[in-house]
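Some notes on the structure that comes next.
Here the chain labels run A, B and C in written order, and each chain numbers its own residues starting at 1.
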Amino acid sequence: MAKKPEIAQEASEKSLEAAIYAERVTKVFGVGKDKVLALDDVSVAIQKNEFFTLLGPSGCGKTTLLRLIAGFDHPTAGVIMLHGRDISHLPPYRRSINTVFQSYALFPHMTVAQNISFGLEMLGKPKSHVKATVSEMLALVKMEELRNRYTDQISGGQQQRVALARALAPKPEVLLLDEPLAALDYKLRKEMQIELKRLQHETGITFIFVTHDQEEALTMSDRIAVMDAGRILQVGTPRQIYNHPLERFVADFIGSTNFLSADVLSAAGRNARLKLSSGKEVRVELPEDMVPNGSVTAVIRPEYSLLIAESGGEGDLQGVLENIVYFGTDTLYHIRLPDETMFVSRRQNQLEDTEAFRVGQPVSIAFKPNSVQVLRD
Amino acid sequence: MIATTNMQKPFSLKKQPGFGIIAILCFVMLYAPIATLVIYSFNAGRYISIWEGFSLQWYVSAWHNEAVQDAAVRSLVLALQASIYSTILATMAALGTTRTRPFPGLTAIYVMINQPLMVPEIVTAVALLTLFAMIKAATGIQGMIYLVSAHTAFCIPFAYLPIRARLEGMNLMLETAAADLYATPWKTFWRITLPLLWPGIIAGAMLAFVISLDDVVITEFVKSSGQETLPTYMLGQLRRVVSPEINAISTVLVGLSISVVGLFFVVDKKFGK
Amino acid sequence: MENTAAVSNLVEDAQRERTRKSWLLSTPALLVLAFAASGPLLIVLVYSFLSSGEYGGVVWKFSTDAWFNVVFHRDIFDGTMALADAHLIILWRSIKLSFFTTATTLIIGFPTAYFIATRPRKTRNIWLLLITIPFWTNLLIRTFAILEVIRNEGLINIGLQRFGVIDGPIQMLYTDFAIMVGMTYVYLPLMVLPLYASMERLDFNLVEAAYDLYASRNKVLHRVIIPLVKPGIIAGSILVFIPSLGAFVTPRVLGGGKKMMLGNLIELQFGAGRNWPLGAALSITLLGIVMIALLIYVRTTQSNSGSRL
């Protein structure tokens, strides 16, 4: 089932303007029966000054793609371009791209300041420029007092900031971040997320961020590419990805969702009428380039549904309330549908609420308008 | 009636009866002969049977003994050369054989590098004797070059092991990070790999130095007459009347070995991350 | 996809380049080793098939006399063939003493290694240092130290006479016993260190489980601890057996001229014996026995790791 790769920009001129443009990149590891297809015909265009995230579970190929962009490995097939220049086979020290590593990879035999100045020294920048930039970077990440410390004498969070400063000091065209916040505790991670956003805006450098944490991706990114099994499944803004997932994996990986099967009654252009298995009809907008035939899978987020107490023909679905989960900010309702599947509805709690429903009660579920999304499957 | 608690030692999981005693005895027996040697090097008298008071006379006489001087200088110069050469060669070999994907011939290289450790010294000594005899007959070249090359050869595996261990323990990411920060492969080696490898290289050099200094068998066979090292000198002396000068020389050598090993432990702990 | 073929060639090229660099870096060391370690062994093999020269050295004439003389002896007068008793005695002594030395170091070394391995972390390094130091002391010095202890005017005899336990000195020097004591003393650290390495990895939870299941201390030792540290036992045994077999200095100093081991016999051929080919053949024989021992070691470790849970 070959899927057309999702490219954000169709026009090829736009691709040349892109900060990073990967075209039909494939990466194969190993030979013979040990062959592993890490990246399968991946194409993506990342724009200048963008905070772009590669999101996916471990093994999906996001780190491999990052490494190919950085130059630590070569694509087996395909092209990688930086501002229109083909860099596919350039060594990393000839690409104006720097990386913040997951393990930070700080040089243990150098101080904080020496780590930060390393890239500039390698580029042969004059001493005065190096000194000034190091001070500038230390101020940027708020590490001035620690400039002469050795890197094994500082905390994890501080190491992270040094790694950031070191990668930013040479003012690269693109900054790559490989799950840089994974080792931090929750509070620190939240702080750093805001920090990173701020840094990206201040420096104007294109950030390519790799993570498996979908919440992190949603909060930080301008655009997200969702990856699985070596392929990019969907690229879009956080809102687009969340509200209009096109693939089952994307719908499932981001947030939680309900899957409904439905039949197509009629379709005119991108508008269609579906008949849910419960019998109710809904109007939907189909994804682009989708030829609907027969049955489709529709998804709806739990928070876009409303529970109505009376059963009967009012809502879009009917079922029996099997569980109520209250956790402070929200309440989750688990409803057993007639076809034995479970539907989850989410409601934000208000102060004056009392629980209107009882377990075992037959209920109706109403969908908010335009909240049903059809998957491309 | 007050019930008395049974005051027993808590059950020790690891204790085995008698092991502690044997172990302590073992340590005592290991050091007693050496300690005796050291103590009696300070004996004013000649014999172990009689302690005649504290004296440094044997050290003095050994110091002034021309044969001892000659042997000592030769030992040190030889050990210095062997350790420097073997460390350089071993460093290169370690860089070539560590952290690479296995290629055909890698096992053969390992075997060759570690071969001096596996072959009994007497066999190597005999082999070198025959080879060098042939070369000497054919070319007429004399001198220390034979000893130096022999020592360098058997010191290579001793220098190789700590260097390789250090190299394997190095974070691969650091060199990747350097390349990411515009360091060419040569600059990466010079600024990152080598400085981090340095403790291993020092350890290897020290090991090689001690090994060369201590060697008896190979040196005895390969040396020409007049090319005595301290160990071969002592071996020769053991055939005749044993003078306490031997004790004095032994004590100095033991002191040297202990210092080097102690230094090695300290370096290893300091940089052993 | 025309790209693919060209690109995968590039990847292979990079790999080939790396392999070439590895060889380049290793070659200088290999050359020195080939010249002064491995290469000469071949020469020894060749020499064992040559004839002995009159004043030492060899005559380049093919002969199997040397190999013959390793085991057999042809009487020069009546040409009868007999076993070369002298050689066989020496061969037997070498193997016998090496076995005993290995056994003794094992008996002494096992509790010692166990002791070190069960010390608290902080003091353990000190004990390790103490075991390692004699190891780096000159072999000759250590042998000499033992000499001073066991000879007739040595520590033991003087001490026993002083305390009136014996009247005259016990002759310990220049016996097989002396050689064995010397070799045990010299090679003891070589047994302790691999044993310690194995024991350090011992999971004492298993010991605890055995006690929980009613095992006595003795049973725990024999049924749990010893089997689990078997790799260390084997490694230590090999590390002691092989050098013992080829020992030269220790038997020379402690055995005098009379009690020779294989190493001394070999040396004799290159000295007063003036039979280089025989010396070469004996060396190859020694090498052969060592290789067999190593092979057995490799086999046992492989089968061990296979049968492990």
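As a convention for this text, contacts are C-beta pairs under 8 Å (C-beta built on N, C-alpha and C of every residue); 3 or more make two chains touch, one makes a residue touch a chain.
Source: prediction; values computed, not measured.
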- Taking each chain's centre as the average of its Cα atoms, which is closest to the average over all protein Cα atoms shown? B
- Message: Taking each chain's centre as the mean of its CA atoms, which one is most distant from subunit B?
- Response: A
- Item | Approximate Å spacing (C-alpha centroids) for the pair subunit B, subunit C | 17
- Between subunit A and subunit B, what's the gap in Å when you average each chain's C-alpha atoms? 57
- Task: Could you give the separation in Å between the centres of subunit A and subunit C, each centre being the mean of its C-alpha atoms?
- Result: 61
- Give me the residues of subunit C that touch two or more other chains. none
- Multi-chain contacts in subunit B, i.e. residues touching at least two other chains, fall at none
- Item | Touch list for subunit B against partner subunit C, complex | 11, 13-20, 22-24, 26-27, 29-34, 36-37, 40, 47-49, 85, 89-90, 92-93, 95-97, 100-101, 103, 105-106, 109, 112-113, 115-116, 118-124, 126-131, 133-134, 149-150, 152-154, 156, 160, 210, 213-214, 216-217, 221, 231, 234-235, 238, 246, 250, 253-254, 257-258, 260-262, 265, 269
- Query: Once bound in the complex, which stretches of subunit A touch subunit B?
  - Reply: 70-72, 91-94, 97-99, 101, 103, 105-109, 118-119, 122-123, 152, 166-167, 170
- Message: Help me check something: in the complex, which residues belonging to subunit C touch subunit B?
- Response: 15, 18-19, 21-26, 28-30, 32-41, 43-44, 47, 57, 108-109, 111-112, 114-116, 118, 125, 129-134, 136-142, 144-149, 153-155, 158, 185, 188-189, 204, 207-208, 211, 217, 221, 225, 242-243, 245-246, 248-249, 252-253, 262-263, 266-267, 270, 276, 279-280, 283, 286-287, 290, 294
- Listed in rising order, the residues of subunit B that touch subunit A in the complex are 171, 173-174, 176-184, 187, 191-192, 195-196, 273
